[in-house]
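The same subunit A turns up in both complexes below, where it pairs with subunit B and then with subunit C.
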Partner chain A sequence: MSVALEVAAHEVAALQVEDLRVRYGRLPAVDGVSLRVEPGQVTALIGETSSGKSSLALAAARLLPRAAAVTGTVLIAGRDLTALPAREFRRQRAGMVGYIAQDAMAALNPVLPVGRQIAELFGVHRGMSRAAADEQAVRELARVRIDRPGAVARAYPHQLSGGMRQRVMIAMAMALSPPLLIADEPTTALDVSTQAEILSLVRDLQAGTGSGILWITHDMGVVAELADWVAVMYAGRIVEQGPAAGVFGHPVHPYTEGLLRTRRDLRAGRPGTPLYQIEGSPPTPSADRRGCAFAPRCPRRTVTCTERRPELVTVKASHESGWLAACHHPAQQGAGS
Partner chain B sequence: MARTLIRRVAFGVIAVLGVAVLAFLLEFVVPGDPARAIAPRAQSAAVLANIRAQLHLNRPLVVQFVDYFAGLFRGDLGTSYVQRQSVASLIGPRLATTGALALAGVVAEVLIGGGLGIVATLYPRVRAAVTAVNLTLLALPQFVVGLVLLLVFGFRLHLAPVTGGAGPAEIVLPALTLGLVGAPWYAQIVADQMADSLSSAYVRTAVAKGLPDRYILWRHVLRNVLSPAITMVGMDLGAYLSGVVTVEVVFGWPGIGLLAVESLQNLDRPVVMGTVIVGAVAVVLFNLLADVLRMYVDPRTREDPA
Partner chain C sequence: MTAPAPQARPAVAARDRVGDGGSHDGGVCVLGFEAVSKYYRGVAALDQVSLVLTRGATLGLVGESGSGKSTCVRLALGLERPSSGRLTFDGTPYPRGRRRQRPLRRQIGFVLQDPYDCLDPRMRLRDIVSEPLRIHRMGGRDTDQRVGRMLAAVGLDDAPLDSYPARYSGGGRQRIAIARALITDPAVLLCDEPTSSLDVSVQAQIVNLLLEAKRSRDLSVLFVSHDLDLIGRVADTLVVLYRGRVVESGPAAAVRARPRHHYTKALHDAVPADHPARRVLQARTGLPPASGAPAADCCVFADRCPAAQARCRTERPPVVREADGRSHACFFPLAWPTDHGQTDHGQGEISS
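What follows is the complex of A and B.
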């Protein structure tokens, strides 16, 4: 292990999740996930719809409805927020974790000017006067590169474009400079050029604040653009995680391989050539699954796969620290795919 | 926004005129001779004919129609057959009395209904009880609620006057009747809107921002409940001003409703017409006011439709 990596390991993670489980009634959504987000880095959490990635994000931000049963530990900047009394937790949460929702239109209150919705953070948590808080909100809007922030502050959500609304959400999430940002597919609803602007904005803001970011997405392009670390989720579990460059170059898990191949075909696709797609559809959550959840769709499936669940273990051939995969038949390193 | 308003006003004028025409025609379909109502004790045919001539009732329907609407456009509601006094001067004071009752009734139903809705939403344990109360109130006719209140608080407990009239003491029971009968509608709309709002993504954002529960309730949730409630208040104020007949009769509240009933019995056509038109104007006006207020509360309704 290199010296640099040892230092990194001693640093307090922006987010450390240990054996997190989320159940809705008897339906498991997240099934024992462990994950780290380092300060100043972006961890991308990838997966298809219903893979449990949004539940994981909401659980980490402690925003799940009461009906959801959550177990496991979530440490934000080394602190277990569940240990705090409710009132203290409420006072501290916005300064600990910022949450950026997928649909900014729905996530902003339709009847309040957006500036007010940022300003109330300063009013409630910093005890600022209304006028001072409103001024601070305008400065926050300028920080996320909104032109004429004064006018935008007075606008209502429906008067803004999708990209502007998402900038407002980002300004709101980062207003109290939390060490952790959780972004749940924030660019999915945006067009490609707006998406690119948002990504570069987030990277620049992060360079200034050093926050750790957990970025949930199903868009491999966003991952390539932004991520330092990648975690791939399937049916409530992480099937592979590792450094972005490594996982992108030589995916170990057949599911990761499939996701990457889909993307490569989409980009390089010549008209008329069929796109690669992963056969079948993602499984519904199930409490009593034997074997690997991906087995029914897997090209490398054997009898073992349907009988024994693969553990998430260090990829043997890898020289990178912390690269893990859960597969009985991992791809050989260096073989390519 | 301006365009929407202008269109609404135009529609309102058309609606009032339509109601007036319909009411005018209807009065001539209802059987009965106003002359007989004015001179009930079997007068001679000559006397009755004389009365009809005085009231211009012997003229063709078209002429009477044109006369009446010509007067209406000059702002003249005509003269009462029975009281020999201008309709406007009869309705004016009645409008004020009914207005007071309508306002008190709407305040009562907003407080009772809004309270029930908020309590049912915030305290799941009493939700079933609130639903039962709502259903009971919905099932009870206005006059039953009014009579029960009158019996209990008036005759039994002597807490409220039972003699009729339009004073501050007399207003309590009729207003409470309107409030109780109207409350379930508000309870329902408030509970529904609050449930929507509480499960919305923007409330989740507010929670993520660490705002206190009470702050979220007042600034984020109830602001979003306001808009549909305002629409209902506008509709109710208009409807009540056009005459809360049952309640006014039960409590002897001397308002427009009571005037309308008396005039209808006397076949006092100009007064009936007057109450109908004033009522129609009230309905249109308060719905319009509610829309304007809603534009203030909910910015999304400000835009003109394309």
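What follows is the complex of A and C.
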């Protein structure tokens, strides 16, 4: 017991999710997910439509509507915020978890200058005076590399470009230096050159703060640029997770393999020739799924796959601790890919 | 299931009398933009853009938001008229007026970005896919069979004709949109970001379907995208648009591997890595933000360009054509060691 406590004191995860389940009515969106985000690291959560990645993120930040039934444990910096009453939680959330949404235009208040919106945080949570909070907001905007932060602070969201709005969101999410940042596809709607700036900005900021980041995306390129750890979600479950470099080199689950191969082929395939494609479509949520959800699209499926659901287990022969995959026929490590 | 064989199109006759936009680099120009400009409230969305889509080719139009890609698509579809310059189809200028444009519109199929937006949720599959036939008075008793054959050709073999779009996923809807685009057996297919709102695992299927349709139906394709990887993979010729101007064009492989224009290079450098061990984005990758609307007599990229000099801000760079079919609009273009010949022009000026 005391040993466990000691270990915990040394390595309190920025986010620790245990057996999280989210249901909308009968339909499961997140179906028993366990995941850690270490402080100072980026965990990328990759998945497609209805994989449950956004539900997981919203559940972790306790932002889901009441209609969603959530069970499981969510520890942020070792604290179980789900146990707090709603009002108390709202008071503490901004200091514990920063949330960067995909659509900054929808997330920001359209009738308040962005500087004021950031300053509010310092007023409410740090008890700063209005003038001091406004000044602090300008400094926060400068931190996310906005030129002329003083002028931008007085601007309304609609007067800013998409990239600028996303920077404002990042400034806001990081303002109170929370131990955990959750970013839900923040660069998906941006141009590639803007995306590049945002990604390098986040990497630099994180190096200075030591926050843990849960970065949700569908883009393997973004994962390659940012992630230390990658978790691949499919139909509400994690099908593979492990160190980013390892997973990119030797993916174990056929879905991970397919995603990486799709991207590689897009970049390096001979122009005009057919692209490598994963067959079929992502599954729709289903309450009574048997076997592996990826089986209908899987090149390695056997009868076992359609009958028995594969457990998420340690990848054999892996030297990296914590590398897991849920597949009856995992790719052999070191066999190349 | 085979689709109806593409007939010898009546437009072939028209193709013989190509006008001045006709023959280009050994190919026949099917769809041409000749110095096309389009102004919205005095702001140039397109500024002197010339494009040549040759018969049987795939022309890739790449650019970020605000580059004018979508304006090009709207003009090509005849939804808008250029403020100056002209568009040609088979060497003949686009006629004025919707009714007179109809025969031309029949020759241009289109697939747009958002399959959730561009299919009427209250229409049945039969009506969606056969709508172009009704508009162009090409329908007949065999319409249902044609629709069925078309749906089979796009991989929706057992889609009930009286089902609604809601039943289909993003990829399925995009297949429906492709079936609708191809049912009039057009000569040209316009694809405006056809996969950017689809799941990654479905994108390749749709691109492959488009490539296959192009091959089997002898289509000429204008493919518009912001994704340099994707467009380099599907297009023969690449045109890079920036703030309404063509900054560079040429054979896709050459433009991707050895960009001339600094904007093309910046786009290229912004593409994320393919492996965590080879991260490419540096702390200052990317470009300074654009300042307000650019003046007419300067390079549109000058305010963000790492190699910009005084001249770039006071003079509009002319389009320079090179021997290998490439062209660029830059006073100080990038030169590459592998370039054949002594094309080190500009290199000295950059470093000076």
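FYI, the second predicted complex is superposed on the first by the 327 of 337 C-alpha atoms of A that agree within 3 Å, B and C clash if a C-alpha of one lies under 4 Å from a C-alpha of the other, contacts with A are read in each partner's own complex, and residues count from 1 in each chain.
Just so we're on the same page, a residue touches a chain if its C-beta (ideal position, glycine included) is under 8 Å from a C-beta of that chain, and two chains touch if they have at least 3 such contacts.
All of these numbers come straight from a predicted model, not from anything done at the bench.
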TODO: Could you say whether A:125 touches subunit B, subunit C, both of them, or neither, answering first, second, both or neither?
DONE: first
- Message: Once chain A of both complexes is superposed, is A:277 in touch with subunit B (first), subunit C (second), both, or neither?
- Response: second
* Kindly classify A:101 by the partners it touches after superposition: subunit B alone (first), subunit C alone (second), both, or neither? => first
Report task. Using the superposition on chain A described above, determine whether A:262 touches subunit B (first), subunit C (second), both, or neither. Result -> second
What is the contact status of A:200 with respect to subunit B (first) and subunit C (second): first, second, both, or neither? second
Note to self: On the A-aligned overlay, A:172 touches which partner chain: subunit B = first, subunit C = second, or both, or neither?
What the structure shows: first
Between subunit B and subunit C, the one with more contact residues on subunit A is chain C
Interface with subunit A, subunit C side, in the complex: residues 58, 64-65, 169-172, 199-205, 207-208, 211-212, 226-230, 232-236, 252-253, 266-267, 269-289
Residue positions on subunit A within touch of subunit B in the complex are 61, 63, 65, 90-95, 97-99, 101, 103, 106-112, 117, 120-121, 124-125, 156, 158-159, 169, 172-173
The residues of subunit A that touch subunit C in their complex are 48-49, 147, 161-164, 191-197, 199-200, 203-204, 218-225, 227, 244-245, 248-249, 255, 258-259, 262-267, 269, 271-272, 274-279, 281-282, 284, 297
Subunit B residues touching subunit A in their complex are 199-202, 204-212, 215, 219-220, 223-224, 227, 297-300
